[in-house]
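Same chain, two partners: chain A is paired with chain B first, then with chain C.
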Partner chain A sequence: MSSLSRLLKSKKCVSNYGQQIRVFSAQASPNGNDVEMDDEEFRVLNLRASNQKQLARREFKKPEVMPPRSLKMATDQDWTAVWPGPRSFHPASVPLPIRQGFTVKGAAPPSKYANAELMKIPNFLHLTPPAIKQQCEAIKKFCTPWPKGLETEEKWKRLFPVDVVSTDYCQALPTIRNPDARRVTITLKLSELKFDDHAKDKFLRLVGDRYDSETDILTIVADRCPLRKQNYDYAMYLLTACYHESFITEPWEESKSEADMENYKYERNKSKLSVEQILNWGNADSSDKREASTGYIESLENLVNGGENEYSLNKYKEEVIKMIGLRQ
Partner chain B sequence: MHLARRLPAISRNCNVRLIKTTSAVTQSAAEEQIVIPKRIQRSPTAILEALSATVGRDPTAPHYKFHDDPYLIPTSNVSKRTFAMAQEAGRKAAKWIKEEHRNLFMHQEAQPPIEAFAPKMVFNEESEVTLETLEQLIKQSLIQDAVFVYNLMKTKGVEITAEAKQSMLELLSFYNHEEPMPEEFYEERWFKENTQGQQRQTKTWKDGDLAEQVFNEIEPKTPQAYAAIIRGMAKYYQADRAYALFQEALEKQLQLDTATYNSIINNVNFLKETPDQKWELCKDLLQQMKQQQLKPDLGTLNGLLECISSFGNYKMGRTCALQVLSEFKKLGVELSLGSYYYVLIIFCRERGPVSHVIVDILNEIQGKEFKIQHPKDTYFFATAMDVCRNHLHDRSLAKKVDKLLHVGNNYDLIGDTYKESIYYRHYFALLSQTSTIEEFLETYDKLVPNVYIPEPGIMEEVLKMIELNGAYELMPRFWSDMVIFDHINRESLLLRTLKIMLNNKPDVTVKSQQQLPEQFAKVALDIYNKVVESEGRVKKLSFTGQMIGDILTILVRGGNWEKAVEVFNNIDKNQHRIPGTPSDACLMEFVEAAIVNKSPSQALQCLQYAVENHMDGLSLAERINKGFTLNEVHIAKMKSLVGDSFLKE
Partner chain C sequence: MSALQKLSSSLLKESIANAKCAAALIHTTSVCEKTQSGRYRITTKRNKPLTYEMANPPHYIAHRKSWNSWNTSTMLDGLRPSQTAIEDLFIRKFINGTWHSLVCSEVIIKRQHNMIRIAAIMRQAISARKMYFLIGYTEELLSYWMQCPVTLELQTVQDKNDVVFKYI
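Take a look at the complex of A and B:
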């Protein structure tokens, strides 16, 4: 402080402005000089001088940065041109005062600038309704009209009962091929095919667990060939072959005995004879033969095929009593 | 980037797209015939192209090659170039690493294999070379390797078939033994200064090199061999020898093709001196073509027009060009933009009469989309705009040219960055001279700075327009543009900016202009700081008395007294370094401001400065005397400076 005032005094002598002190020139003179200028005091050896005397670093000048371009955007601009595809959020390109995240309780969420929260979340700025509309318009020319006569689902399900499903993959790998793309699945409601009893039985045996009895849907998956086309052809071949095969009766099928049957059937069983024998007891007239009632047949088949339980047993009992004509 | 990050996740999820096709298993009981329309055929990229066509241009966004971030958007022509070339340098570094550490890149995991990712084959004396190798190299246009392998095959005595020799000759002739710039360096090609066309073409054909050897080895000489070597020589302007070979081929009664004739026509300028001789030769060549029953094409037309454009005689050029054009119109040759370019340079000459041929051209090609067909096609737009500006000075024509440029993919034909900037330079200069300021600003907002950054010369035109229209309220904005475009080291621009701000004193009573004096002061201070900072740099700016006086006045008007004092001190201190002095009016305004700010010492300092520099001190002294109640010391000082005449009223 004292050195400064000394300096000012000496300056005052030089200038002839009287009271006025020229502040600027005083500031401009380098501070190191005052030691030499003052002869009256001893010079001080400053041991730390070497530390303090740092080279004046050249100031790094930041280049001029443009203001965020969102400020320049017109209010009626075409947003789809600004944000045409999926992209991480960028505050300078989005002219919306968005906020996200929190700092302290009760404070407003941080603004969009330098906001990592906004960059982390996926945004859908490229999928605005006008953008979707534009894109749909653009690819409309590749679409064919929906065929006439197939307006309802019921109609097209009936006319085109076979569904073929395959999958295309888009992936970030050096190879553009995905082995799973070869897989072809065809599904079909079995009620769409026409069978007789034998054929249906044989067909179901042929397809095995590819048939889901609950939904009545047959599913054939083909993936044994390297190409999708080949797999598709193979699946269609399987379907055709199984269908036609099921109508052929092989000679050995005749030798199927009652024990090989998968279902109890009243018609072909010995119990039919027994029941009819009991019903026609003492009736020699062959023209007036009594047969079992349909209710009885149903309850019997239900009992054997569905297993014994209270309901089926009771039902059977009722039917037997009814048929024989006993009084309860 | 974003997309690439998402993709691995997608491949893990696997179910990306489910295509459900319903196949036809028709029931016989269909009550009516169901007609399923045929699939509309499309190319693999058709959908992408259709989607990309929906994306318009965003005037606020930079070109997509730059990062969309304020810190990384280039704002001057230099930084545009630097940023793009930095990316290119990265590409080059990657390429270099690939070749340098070739053993690390021998694996090929991509399916189908990507050839560009594999290192190039290296050949030495021991390499096993076959004809297939050579054919492969020729197919890939690897000139040096092809030459090496060719020579190696010769020394090893491997037989080279006639077809291989012919394709080798074609390769060497086309590229003149020089490796072409790799395809992937598109930025370099875009920014490379294209000297071809600006300078006089010179002979660059390598005489006596392998191409000629291969040509000599081919026995018997086929027309194709002649065609290849003649076209090669003609392309690199070895005109005399090309013509000699051409004559030789004719003597041998060989059937040459149209392209070879075209290449000779392109070289007529080198073969003959005067326009008459040139024209005679052209006619001869055309006659020969007729005899050989060759149909001339676009190349012939452009070659003829190029030859005609070199005629010094305006009238002759004009008539010849018209003859050629009508002749080719009869033949049904479609003109390319290159042809129109030649027509423009034939008709619109600097010292020739004014020609309105461009009007007809534009009427003819309005709304038409062009594809590149001739090397000179890229010259059309810059030249057309030049004609609009310098020859006809017609704004509506310029607008038409600009409209044509944006039809379809016509923008691809703008050429390179050099031609693009010439185009916009002419466009902006013309607009700034002929249109109203609102119209000009509309275009300016659309194109600056992402498409075009005005050069200092154009900026000066813009400032002139502002000056003329008195639209000084735009100055702060244009100043910030100039700062961003890095124009502030141009003294003429600084002076003009100051002049506009000085001569147009904002009217503070109008509400929209209340901010202006302050903003002007900021600009002036900016200029002051820039000049002070530039000291010690290579490109040094220096004050003139006029300039620093203007800064001082604007600061005073803007009410920034503190800085004004600082500037005045600078003037006072560096009296001997600053050539010239501020104007009297400037000093007077400073004194007025000193009175307002009640600092008599500054006023006296100003008076002293005026007196020392032989300016009108008396009026200043009178003003000071009137404005302040001065003490004895001050009055004594003033008396010593200007005498005591100021005390008399």
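Take a look at the complex of A and C:
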């Protein structure tokens, strides 16, 4: 049977029709046919493949890697050329035996090679003192001298009484805009501005709680406009407008009576009349009229404005006795 | 009596229907406080390699290990935190796919101003020429997508066992 299948595969048999008939006969093939087949050897499929030659696999050659250049570095090299800008840590470029990491007690921390922790933390290898000195030297030509007459804080505070505070934001974003950068704060010591009594009173009423009476500092915060410049302009406008408005006396302000006053003032009160009447008792001469002493006026105003306490009462008593000339 | 029972049962049903939503809110099972993320199971043969990053669970961040993303979005009142997180995720996926089976560590993404610096430890399994090509390819594509300059700062190791910190 195996010979039959072999014959079928053979091209020669297919081409020779006369032989093909013989193939299907049950008789054994004649000897002459076998002799003919010996000329061509059949390929035999060997399933075991025991004697098959092992193909030599191509050896994978690892590419040659240069040794870390930190081994070749000179001790007096220019470090700013090795590490010119901010960069993640690289062990082959840094000739320092650095280690980082937490290990079990007694064991050394992981070395700098293949240490991801060292790559994570920000390093300042580009900001060594010589590098900073170099950069300072480089930008020195853009600097201008400090203006004369502004050497001390006292001097420039006097010449520039208004402080303008705004914030710039450095952020790790594709945009440099930050909406909080629009906020502008203006601070000013109120003693820098010149007021009369009415104007000061009105100004303080206009600014409300923007004025801190303890430090005498006025603070104006502007953040309603989208840009910083606009907010600055607005804050300066507010300051100017409030200042000039405080000097205007409206007609309805005249109707303010003594009961509306927020402070007791000796000068405009009836007590002034009473005190002078007592002091000038029996003195008909209008040319030499006695007036209350300044100590008495101060103590009286303190007593009424600051409230009654032991100190102010005693002070008032002393001043009254002194003014009228009674013996203790 | 039976009529009363019927009445009461119908009333009961009604009251249960009314109280159903309130009753469903009461949770009686014990609280499951198991935290699994970033932690690895010990194998029986104790032959599972862990890097330093993997060996320290997340609660050691800022104590034994530091963050993989450095930016100002995660700070208080930081701007566009969600976009930054999504971009970082995309960068990590892109790097891991482009440098397939070469990345031995976590991908560290540091942002300064509009600059993105990406650091990672790679295996020296491909030739230097291919590596340079991949660096340029990654930087070019990422900077096109992120619309800002991207720098790759790689460190290479000979073998992936170099980054192994311990076996569990």
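The definition used in the following text is that the second predicted complex is superposed on the first by the 192 of 328 C-alpha atoms of A that agree within 3 Å, B and C clash if a C-alpha of one lies under 4 Å from a C-alpha of the other, contacts with A are read in each partner's own complex, and residues count from 1 in each chain.
Quick note on the criterion: a residue touches a chain if its C-beta (ideal position, glycine included) is under 8 Å from a C-beta of that chain, and two chains touch if they have at least 3 such contacts.
Bear in mind that the values here come from a model prediction, so they are computed numbers and not experimental data.
Visitor: Regarding the shared-chain residue A:His90, is it in contact with chain B (first), chain C (second), both, or neither?
Guide: After superposition on chain A, A:His90 lies in contact with both partners, chain B and chain C.
Visitor: Counting only touches as set out at the top, which of chain B and chain C does A:Gly101 meet: first, second, both, neither?
Guide: A:Gly101 sits against chain C, while chain B stays out of touch.
Visitor: For A:Glu117, using the defined touch cut-off, is the partner it touches chain B, chain C, both, or neither? Pick first, second, both or neither.
Guide: After superposing on A, A:Glu117 lies in contact with chain C but is clear of chain B.
Visitor: For chain A, which side has the bigger count of touched residues, chain B or chain C?
Guide: Ranking chain B and chain C by residues of chain A touched puts B first.
Visitor: With the two complexes superposed on chain A, say which partner A:Val65 touches: chain B (first), chain C (second), both, or neither.
Guide: Touch status of A:Val65: both partners.
Visitor: I'd like to know which partner A:Thr249 touches here: chain B for first, chain C for second, both or neither.
Guide: neither
Visitor: Regarding the shared-chain residue A:Ile176, is it in contact with chain B (first), chain C (second), both, or neither?
Guide: both
Visitor: Do any residues of chain A touch both chain B and chain C, and if so, which are they?
Guide: After superposing on chain A, chain A residues 65, 86-88, 90, 92, 170-176, 178, 180 contact both chain B and chain C.
Visitor: Okay, in this complex, where on chain C does chain A touch?
Guide: So the residues of chain C touching chain A come out as 51-53, 56, 60, 63-68, 70-73, 77-80, 84, 104-106, 108, 110-114, 117, 119, 121, 124, 127-128, 146-148, 153, 155-158, 162-163, 165.
Visitor: Could you pull out which chain A residues touch chain C in their complex?
Guide: Chain A residues touching chain C: 62-63, 65, 86-88, 90-92, 101-102, 110, 113-117, 119-122, 170-176, 178, 180.
Visitor: Can you list the chain B residues touching chain A in their complex?
Guide: 1-4, 6-8, 10-11, 14-27, 30, 32, 34-40, 42, 46-47, 50-51, 53-58, 60-61, 68-71, 73, 75, 109-112, 445, 483-484, 566, 569, 601, 604, 633
Visitor: Contact residues on chain A for chain B in the complex?
Guide: These residues of chain A touch chain B: 17-20, 24, 64-70, 72-73, 77-78, 80-82, 84-88, 90, 92-93, 131, 134-135, 137-139, 141-145, 147-150, 156, 158-178, 180, 186, 192.
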